[in-house]
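Take a look at these structures.
Two complexes, one shared chain (subunit A), two partners (subunit B, subunit C).
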Partner chain A sequence: MLAFIIRRVGQAVAVLFTVGLVAFCIFRFMGDPVENLLGQEATQADREALIERLGLDDPIPVQYVRFVGNALQGEFGISYRLGRPVSELIAERLPATLELAMVSALFALVFGVLFGVYTGIRRDGVLANIVMSVSLVGVSLPTFLIGILLIWIFAVELGWLPSFGRGDTVAITENWDSVLLTASGLKSLILPGITLGLYQMTLIMRLVRSEMLEVLRTDYIRFARARGLRRQAIYFGHALKNTLVPVITVTGLQLGSIIAFAIITETVFQWPGVGLLFVNAIFFVDIPVMAAYLLLVGTVFVTINLIVDLLYFAIDPRLRFDAPGKGA
Partner chain B sequence: MTDHDGTRTRNGDATGAEALVAEPNWLKDKAVRFLDSDVYFSFKRSPVTIVAFSLVMLLVLGALLGPLIAPQNPHDPAQLNLMDGFTPPFSANQFTGSFYLLGTDDQGRDIFSAILYGLRISLFVGVVSVLFAGVLGVTLGLVSGYFGGWIDTLIMRIADIQLTFPSILIAMLIFGIARGLVPVEMRNDAALYILILSIGLSEWVQFARTVRGATLVEREKEYVQAARLIGLGRIPIMVRHVLPNVMGPVLVIGTIGLALAIIAEATLSFLGVGAPPTTPSLGTLIRVGQDFLFSGEWWIILFPSLTLLVLALSVNLLGDWLRDVLNPKLR
Partner chain C sequence: MIDRPLLSIRDLVVEFTTRRGVLRPVDGVGFDIARGEILGVVGESGAGKSMMGSAVVGLIDRPGRIASGAVLLDGEPIHRLSEEAMRRIRGRRIGMVFQDPLTSLNPLLRIGDQIVETIRTHLPVGEAEARRRAIAALDEVGIPAAARRIDSYPHEFSGGMRQRVVIALALAAEPDLVIADEPTTALDVSVQAQIIALLKRLCRERGAAVMLITHDMGVIAEATDRVAVMYAGRLAEIGPTPDVLTRPKHPYTVGLMRSTPSTLGAGGRLHQIPGSMPGLRAIPSGCAFHPRCPKAFARCDRERPDPIPTAAGAVACWLYDPEDPALSGAGEAEGTAT
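The block that comes next holds the complex of A and B.
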């Protein structure tokens, strides 16, 4: 048990170390930070002063350690394009992305489970087949086309929902402007939320469906039926419960993907989150923002994977028996 | 059917020469053998695959012959007539009377021509990035599987780390880094190659893992031991003996990878970090067309989107079919 946890945490740290190294190389060796921060008129003395101040003449390992140290304190340097601290930019935009990601994940989970259970119970039903076919098309469509299609139908033709932006926000804390508390904010969350969550929804739906089909064949379900339990009790109380372990794992793992794919959704809907910040940073080669985003997303991914793995370990006892044999 | 390569013996040189002389016969043999194969049999029996294959062929042909069949060169300002701007599809322009099959954009650019030219870029980037990813992935997978040891650990560790992140994110990151390394004035010209590099580098892992797995199995087999016994070096064994035997799944991964690469290219271009406006791909056309959706010119975005959709879906279906045919376990 302990060996497994130590090994798994060690792996996570190694991955993070690599990501940090990549981010550092981008930060340090791409372009010339001095040129980028100083204007054309800077003198040699200005240059040297800045090199001294940024510590660019220190040995590279020292610079790397300092980079990691700064990053741990949330300090990523100054954006070349906007001239403001990257940490400030990210703090401003992170709430928007997190809200979008959470709503999408919730949408994916709720509807994925509902549709999955339904298509699992009514395997040959007309409606179930329609849902399955539509989901297949949904998976094949690139995310941005889904977004555009939704905008066309619900914003342009029907005019029901806004097509871009976040609507009105309410400040919850100093840095957290939320859309969850206003009507226009919630309305503007619907289309991006669906766009972002659709792929994950189909994934969860198919998973729940196949798990349901498997579970419904087992003896204990037959006994439950024979005992005369109500259908709802059988489907939701007994069958669904036993499909949830893989569902929770997949949802957890997909949370990282949702944050990454938010880049596309945020661009389609001009949602002012970190994804949009990153796309603009790539276009304008704004290196500190790129490096910071990389570190941020890397940390999120590694943390989620770690938590899911440890959870799995806690939930599934079979893994615990294997662990000593494979130790270290 | 009777003459397959396996039966050729040491005096095969003579037969080889004969075959060269009687080339039509040799071609006919190949054709007959193909028409008799499992692959063709399965192809014939799957209408969906036939439709998908025809659509892909149609689009590839359209891309190859694009400059010949397009009514205008959409990127030559001299051929554009501003008066023709915003002509709806399937109808004549109300001022000039010019007819454009799929309508025009704000500058009077024929959408049909723009799609043909965009298709060229999309397919070019897609195909070349998959080739790049394939060559890189197969090489690394072969080396990893055959040599083992620290080099295997290193390559597979990198693959694992890369697999932790979605490939589109990796592609964007590499695109950003490569873009930063290219001088500002060359960025537009180099964009397509940067795009190929970033998509290729984001997709090699699938090839490498599959080939490595197959190599691990093959290298223990007797023919490899025999080759080693007669004193063949590692590289010749890998290239001439192991490689042909691990290539089967590569074709499947390549086809599905092509669909992924086309979508990745379109996504990057749509985000504005892909093909530049001077050489727009389908994704760039969709990005541009999005602005006109709100003012009611739906055809500017609809037709490029449909083309992309049909292309990606058909290639995907072909890949699925290939996987089912070439994987004996599923039959």
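The block that comes next holds the complex of A and C.
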């Protein structure tokens, strides 16, 4: 098992280096950073000084190593548009995105599993069929439309919830301003949280449902019933656990995309997170920000995948007893 | 009330209502099982054996249902009980063993936890006591080093060992009746005899009755006191095992015996019953066996025979109709001449 973990971490590092290479290439080949930084009035001397300062006259492998070295220290250069270190910008914005993503993921996971189990057990029930039909909406409507609809209903018509922004924040640490501790912050989290999580929720729900239907047909569930075990024990103790491996795989990937693609939701709700930062960076061809965002998303995905792989071991004992030396 | 049968099945009919009509995998089966008795139920695939076993414990999946008839456990009707009342009977009073030990155990739970859960569901004992009993149960079914193996997962056992675990699970709450549905079919031949011997010994020790569903005549001969032969969802013949095996009465049983290698002398050619068992959508009129029966006569495709009592059992065949003077006795003589 240790060998497996080491192998997986090795793969994760390899993936990140590849992502780093792509990010580096963006730097090299998308427009001329010198042109972008200096503007049209610059003299040739200015240009050469800047090229020297940025190290652009070094061989490309050296530049890549330097880029990776800086990235490892959390240095991604200076934003062209805002003139501030990218790492600072991201550190400022990341808490907002993480809070939004966590709330969305929690919403998606809790309701997805609950609805999935329910519709799986009551396959022919009226309520289960209603939930299934409504879930089609979640799957098929694009995120921005759901966001706009929610704003229209709950912010414009009913006036219950704010339509944009984060509300009041409280500083938890130096860099972390949280909305989780204020009433207005929590209220402003509801609509974007649902918007971002709705698709994932319906996805998880449908997955849990089909897995439940599959598992409930197996011999060991039949044998559990024949032993007179209670329904709750059969559904939650025996069946649900057997649906978890695929559910965790998908949930992990979805959590990654919740963080990575919060862009649309953040744009609709003007949520000051990294997604919004990235969209603005694209408009202004702010390459250091784009590269850093790329690496950030890559790291998030790789980390989540690693955790998902390790969770398999926690759930399924059959994976834990690999023959010793296998694959070594 | 010592004489009251432990389990009594009366005219049981199981129906599946489908878009293309009503199917009856079990159609009017009835017999008793006494306390401590081992009753074999034999028949080809699709004869309704397993469906009948499931019907007894109320485990028929929709759209199937018990359409008529009755199941009495210790004299009490259990076929109309609520799901919750039926749950209390399953495992506690009627245990079940299924065919495939590789898929009968939940792969993600330790076998000990599965046994402890079963014991604690039915018996008022604490965690420690339940665990002690689980170890004893595993020890009894012949799991070596049970105290250590109790924390193993199912995939760490071989097929035969897993079936022993399944038997320990079925007997964990000390039921009065065990329904074993083809308990050895999925096992290696070398292990089959051990499992049957184990099941037989444990049930004898506890005084539990067994309904042993199988299509293996060897298992029937070895383990059972009485045997019921099923054909197309109906009871063809029932009687003490030695009688049925050596002096079968129903022409179907006769054919079945002649097509089983163990009842033949060496070098003999195996008999084959012509045709195959009818599908549920095309059950013949009258006696369901008549199109394949070498002794069929006019009455067989018009009227359906009910089981007719014989010396120690019953047979559903017009050859044995006591009210038909022309045939009475003649069929008996022919049937025994095998």
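Basically, the second predicted complex is superposed on the first by the 274 of 328 C-alpha atoms of A that agree within 3 Å, B and C clash if a C-alpha of one lies under 4 Å from a C-alpha of the other, contacts with A are read in each partner's own complex, and residues count from 1 in each chain.
In this section, a contact is a pair of C-beta atoms (placed from the backbone, for glycine too) under 8 Å apart; a residue touches a chain by one contact, two chains touch by 3 or more.
Note that the structure is predicted; figures quoted are calculated from it, not measured.
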Touched partner set for A:Ile148, first subunit B, second subunit C, both or neither: first
Partner chain(s) touched by A:Leu82 [first = subunit B, second = subunit C, both, neither]: neither
Which superposed partner A:Ala233 touches (first subunit B, second subunit C, both, neither): second
Greater residue coverage of subunit A in the superposed arrangement, subunit B or subunit C: B
Subunit B versus subunit C as contact partner of A:Val285, first or second or both or neither: first
Overlap of the subunit B and subunit C footprints on subunit A, listed as residue numbers: none
Complex contact set, residues of subunit B against subunit A: 161, 164-166, 168-169, 172-173, 175-177, 179-181, 263, 266-267, 270-273, 286, 290, 293-294, 298, 301, 305, 308-309, 312-313, 316
Subunit A - residues contacting subunit B, complex: 15, 18-19, 26, 30-31, 140-145, 148, 151-152, 156, 163, 256-257, 260-261, 263-264, 267-268, 278-279, 281-283, 285, 287, 290, 294, 297-298, 301-302, 305
In the complex, subunit C residues that touch subunit A: 57, 59, 87-92, 95-96, 98, 100, 103-110, 117-118, 121-122, 153, 155-156, 166, 169-170, 172-173
Of subunit A, residues touching subunit C in the complex: 218-220, 222-231, 233, 237-238, 241-242, 315-318, 321
